[in-house]
Amino acid sequence: MSVFIDKNTKLVIQGITGRDGSFHAKQMMEYGTQVVAGVTPGKGGQKFEGTVPIFNTVMDAVKATGANTSVIYVPPPFAADAIMEAAAAGVQLVVCITEGVPVLDMTKVYPFVKEKGVRLIGPNCPGLITPGESKVGIIPGRICMPGPVGVVSRSGTLTYEIVYQLTRAGIGQTTCVGIGGDPINGTNFIDCLEAFEKDPKTKAVAMMGEIGGTDEQEAAEFVKKHMKKPVVGFIAGQTAPPGRRMGHAGAIISGSSGTAAEKLEAFAAAGMGIAKRPKDFVELIRARLG
Amino acid sequence: MNLHEYQAKDILRGYGVNIPPGKVATTPAEAEAIAKEYGTAVMVKAQVHVGGRGKAGGVKFCKTPADAKEKATAILGMDIKGLTVEKVLVTVAADIGSEAYVGIIVDRATKKPVFMVSAAGGIDIEQVAAETPEKILYVPVDPRYGLPTYDAMRMGFFLFGDVKLARGAAKIMQQLYAAFMASGCSLAEINPLVVTPTGELIAVDGKMVIDDNELDRLPAIAALRDVSSEEPSEVDARNANLTFIKLDGDVGCVVNGAGLAMATMDLVKYYGGEPANFLDIGGSSNPEKVVNALRIITADPNVKAILFNIFGGITRTDDVANGIVTATKANPLKVPIVIRLTGTNEEIAMRILTENGFSASSDMDEAVQKAVALAKGGK
Amino acid sequence: MSVFIDKNTKLVIQGITGRDGSFHAKQMMEYGTQVVAGVTPGKGGQKFEGTVPIFNTVMDAVKATGANTSVIYVPPPFAADAIMEAAAAGVQLVVCITEGVPVLDMTKVYPFVKEKGVRLIGPNCPGLITPGESKVGIIPGRICMPGPVGVVSRSGTLTYEIVYQLTRAGIGQTTCVGIGGDPINGTNFIDCLEAFEKDPKTKAVAMMGEIGGTDEQEAAEFVKKHMKKPVVGFIAGQTAPPGRRMGHAGAIISGSSGTAAEKLEAFAAAGMGIAKRPKDFVELIRARLG
Amino acid sequence: MNLHEYQAKDILRGYGVNIPPGKVATTPAEAEAIAKEYGTAVMVKAQVHVGGRGKAGGVKFCKTPADAKEKATAILGMDIKGLTVEKVLVTVAADIGSEAYVGIIVDRATKKPVFMVSAAGGIDIEQVAAETPEKILYVPVDPRYGLPTYDAMRMGFFLFGDVKLARGAAKIMQQLYAAFMASGCSLAEINPLVVTPTGELIAVDGKMVIDDNELDRLPAIAALRDVSSEEPSEVDARNANLTFIKLDGDVGCVVNGAGLAMATMDLVKYYGGEPANFLDIGGSSNPEKVVNALRIITADPNVKAILFNIFGGITRTDDVANGIVTATKANPLKVPIVIRLTGTNEEIAMRILTENGFSASSDMDEAVQKAVALAKGGK
């Protein structure tokens, strides 16, 4: 078992012939992900690496191959459209790796995918991996191993760091999800915590937050109220200087919220383990796996 | 990207917002000439990307052109929270009856642009928000429908009992919203929105912050960037496609990924050091970025040790190693460097570094502790 | 029993101080409708006819009075906004009488009210009446009487004509609904037929269609598949020349579909009674009431 | 409201659609001058609000200015389906490689604007739709999101295999959609959308129909109305706020409400008569409307009897009665009149009519039968 993706994931890659898309397409194929299609407008009919059919549109790709998941490697100005295209074409999960998507685009994309009943992960995220089954995105496969820990994180390389330390310590993962650090993203901590709580194979959860916003506080509230499984949390940016002021409006809306101290307090109040350093995850998780 | 008041006002004027005439001056003589042209009392207002300029003496009322010249002389060149005033806005002074606040921001929680309005506008609006939150009305806008008139009117009536003023304010909110969306803002505000004694609505101050991710597709907005008002090292970093924020410590950090960069800074502090900066070289593999990063960091005289922390995912660690070698060959380092590399092509990277006389570790904590010690003068 | 409105309907009138709004407000109050509030921006705090409180916004009105239904008498350029205002303020039913609402406005209003889970009747409709209980709109109260017939129609005065003939013949109505003749409206024939089928007091349904569109054909299909109660139908515009606008934008005949002949054929195929003249309703309905 | 081809093209050009240059001429000499100015082969195209002008000889290719003059002479003044050609569009002739069809209409079923596109464009598009429906792709647009690029590209690829042409077509569809929404259209189409032998995409014909309900808020569009190309009695009726359509029968009908008006016409036919018109005086009570309605109807020499059918709801029947009395006092009727009135203020109306020598009934069938008989010369 796992969350969001598994060995039945049939992937279409949007932007498969681009620089990043082609590199990671190969990585995912090597990892064993079922890459069933690629999309590049104008290259419909060609094949990627001699095996993966390329289509002009996601709709064509889904119709021809039954792809149920899409991953997006297109440049930022086209990412919002690519997400909506995938959602409209009928996949169940869209993973947007692209960094630098304008946030106002996301204010329209978010209700669009909700209306379509599609799960979006990202944008500006490393994607997700279910070790030994499927990898969708850019998380390096070799740092992961199958096991009992669900990992969810707002950042990319920090996630790798922690997963790598877990793996080196012999602690494997059910699924690692990078939800992305943008102000508006498709899937939040709570969505992932809920999925991990339901997943029978997940025995503990490692969660990496960042300063800014209140997602971590809400996640802590969720842990307190709804989770039986242990959760260990970390907040990056504890020593970051308070953000350059976003005018009056920023100060009004966020007030005092969004600081590392506040988030860690919420973690503590929810009975979560707190990792002060990335490496602390190893012992804290090990203790909770019993 | 922050816009100056005069830039934000120019944009808002284009959407029909009623704003007193104003022009920018960079010399006292220009300020005097503008005041003379208007033939009425003016405000001289420092144009800097920082709040609290009023309390710092950067905003002055001037009865005569001579007065404007004098005040401009005082303000131009003034230091406000570390930024030098290079420009002032000379604008017709308004008769102020009452001051309201109108702002929009993209809100993470509702995932929508959210209006905030208050009849208690002016410089103390944060205090109003903190102490009397019931005086602020929050109205989220669904961008699929835009700002409907009924919501704008609801806000108008929250500000003013009089229907004519409510309608006028509603119209200004729709104009502000249009400007906000079309200019790729993450924030836009009018504070104060003034009612004059004769019942006219005017925007006396305007502020806009642009989402940097919008700049590529909005060249006219991107052209408004005023590099003279920014930290030079940050401008340099941006031109090199690096995310860089200068801090006060002595451990220069070069990291890939924002989360890991913050965690690295946290760890520097955890082990008793002080980071000299936040620097994210981003995801793509490019030796050039490493060269630029080193150039920017070594330009800071406070830096006593340099710490690389690279976890290779997309980033190929051999590219980073090559960048370090290239950069240090061109400009030999004057401070010690600690390199932590792991991930994609780690073996190649290690070989490149070793061959060029560098050592590197694959353990983050070890590297951070060593850099902190070196910055403190240890070995 | 009845559909959509009854004696528990608590009505707010948008545009209550306007020429049409004030006239019909009085008519509805005389009929016995619970008119709990009016809305005219700038007149908040005043009272209509000394009794009905006026508010600046529908939200204020709903909060203060618990209104659950709104009726709209505002000029066409403001009607779309008025509908959305009512839907956002939390009423369950919005009835828009206004004629001349631009159809492109309705393409946005329709998904808006659907998202809010609100029923919209109209625009460009006479509203509805549950004889003896409540009247919302402009259907003259004195031409109706309580009884067993559900009436649904795309037009205004034609409905009056037929209801009047039924009433004169001693055949009363459960509820009469004028759904309006615009190309895009909130409630269609099927919505009403479904409600009448469920309403225990309704024993038969009279349905008046027009040329244009395919709503009547789909309604006939619904009658065939889902209705046990008898339905008698009429189509106005049987002799209209093809392709000219007959007042209702909806009466444009597009392609081969939308002709009176086609609609009557669908009625016959569904086993419905067919009124050739308005007066035919009387005998056809009487026969079906048994 | 229908726009002429040249008007639709002007609007589309404003949204960036590639359209060959063209100007309107009302005389052969003007047509010649325009052709001379362009210095190339032109098309001379009748500007009338009716389909099938090409098959009627209203569209001609002209190699030389003299040719243009000659063809314009033939077309100007020509009668096409009852409408006289008053204007021609003289436009640079395009080299035609292939012809596609692109149209948008507001669709009742989906309650959305729906695109229809086909690679088999040109004058026989209706036939394509009827016989080979698979050659047409229908794409509904959710106006909350606009036309997304991916849907535009999907249509582009449906039309063209080549990605450059697909992209070009997608762009034109987004331009057409923007024009459609901003101009308050109920229909807009480009047919044919031509690919030239050199691979350029151009809109060779354009059509727009405006929702009449939009005209109040779109004065620039409303100003495009060309009354010279409309039936004068219909123009007159519109100016009087009446909905009027002239027909060929002899029973003039004055009714309140479109549904009842259609039902009245149906009943005239049911009883063996022929309606002379559709006329809806609408919902509001205004004697003036009745006066105008009678003036317009009696101007039709075919009318042999006049039938009023008024069901008073909003409409007050006494207002209608007063209108009849006023109008007939000013201009005594030359044909018999049958009045059916019921509803609001019926008693007052009946008294007014009786006092002025009119009789009236309250039964619709009775009144219609009587009017039909009178039109046939009976009593």
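Per-chain numbering from 1; labels A, B, C and D assigned in written order.
The rule is short, and it goes like this: contacts are C-beta pairs under 8 Å (C-beta built on N, C-alpha and C of every residue); 3 or more make two chains touch, one makes a residue touch a chain.
Bear in mind the structure is a predicted one, so any value in this text is a computation, not a measurement.
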Please state whether C-D or A-D has more C-beta contact pairs across its interface.
C-D
Taking the mean of the CA coordinates per chain, how far is subunit A from subunit B in Å?
28
Need the CA-centroid distance for the pair subunit B / subunit C, whole Å please.
55
Send over the residues of subunit B in touch with two or more other chains.
144-145
Please set out, as single numbers or ranges, the residues of subunit C touching at least two other chains.
108
Specify the contact topology among the chains shown, as one of line, ring, star, complete or other.
other
Pairwise, which chains touch?
A-B, A-D, B-C, B-D, C-D
State the interface residues of subunit D toward subunit B in the complex, per the touch definition above.
144-145
Using the touch definition up top, name the residues of subunit A that touch subunit D in the complex.
41-42, 44, 56-59, 78, 81-82, 84-85, 88, 108, 112
Which stretch or stretches of subunit A touch subunit B in the complex?
20, 23-24, 76-77, 99-104, 106-108, 110-111, 126, 138-140, 143, 153-161, 164, 181, 183-184, 208, 210-215, 234, 236-241, 245-253, 255, 276-279
Help me check something: in the complex, which residues belonging to subunit D touch subunit C?
106, 108-109, 111-113, 129, 142-144, 181, 184-186, 211-214, 216-217, 243, 245, 247, 255-263, 265-270, 275, 278, 280, 282-283, 311-315, 342-344, 364-365
Where on subunit D does subunit A make contact in their complex?
145, 148-151, 153-154, 157, 163-164, 166-167
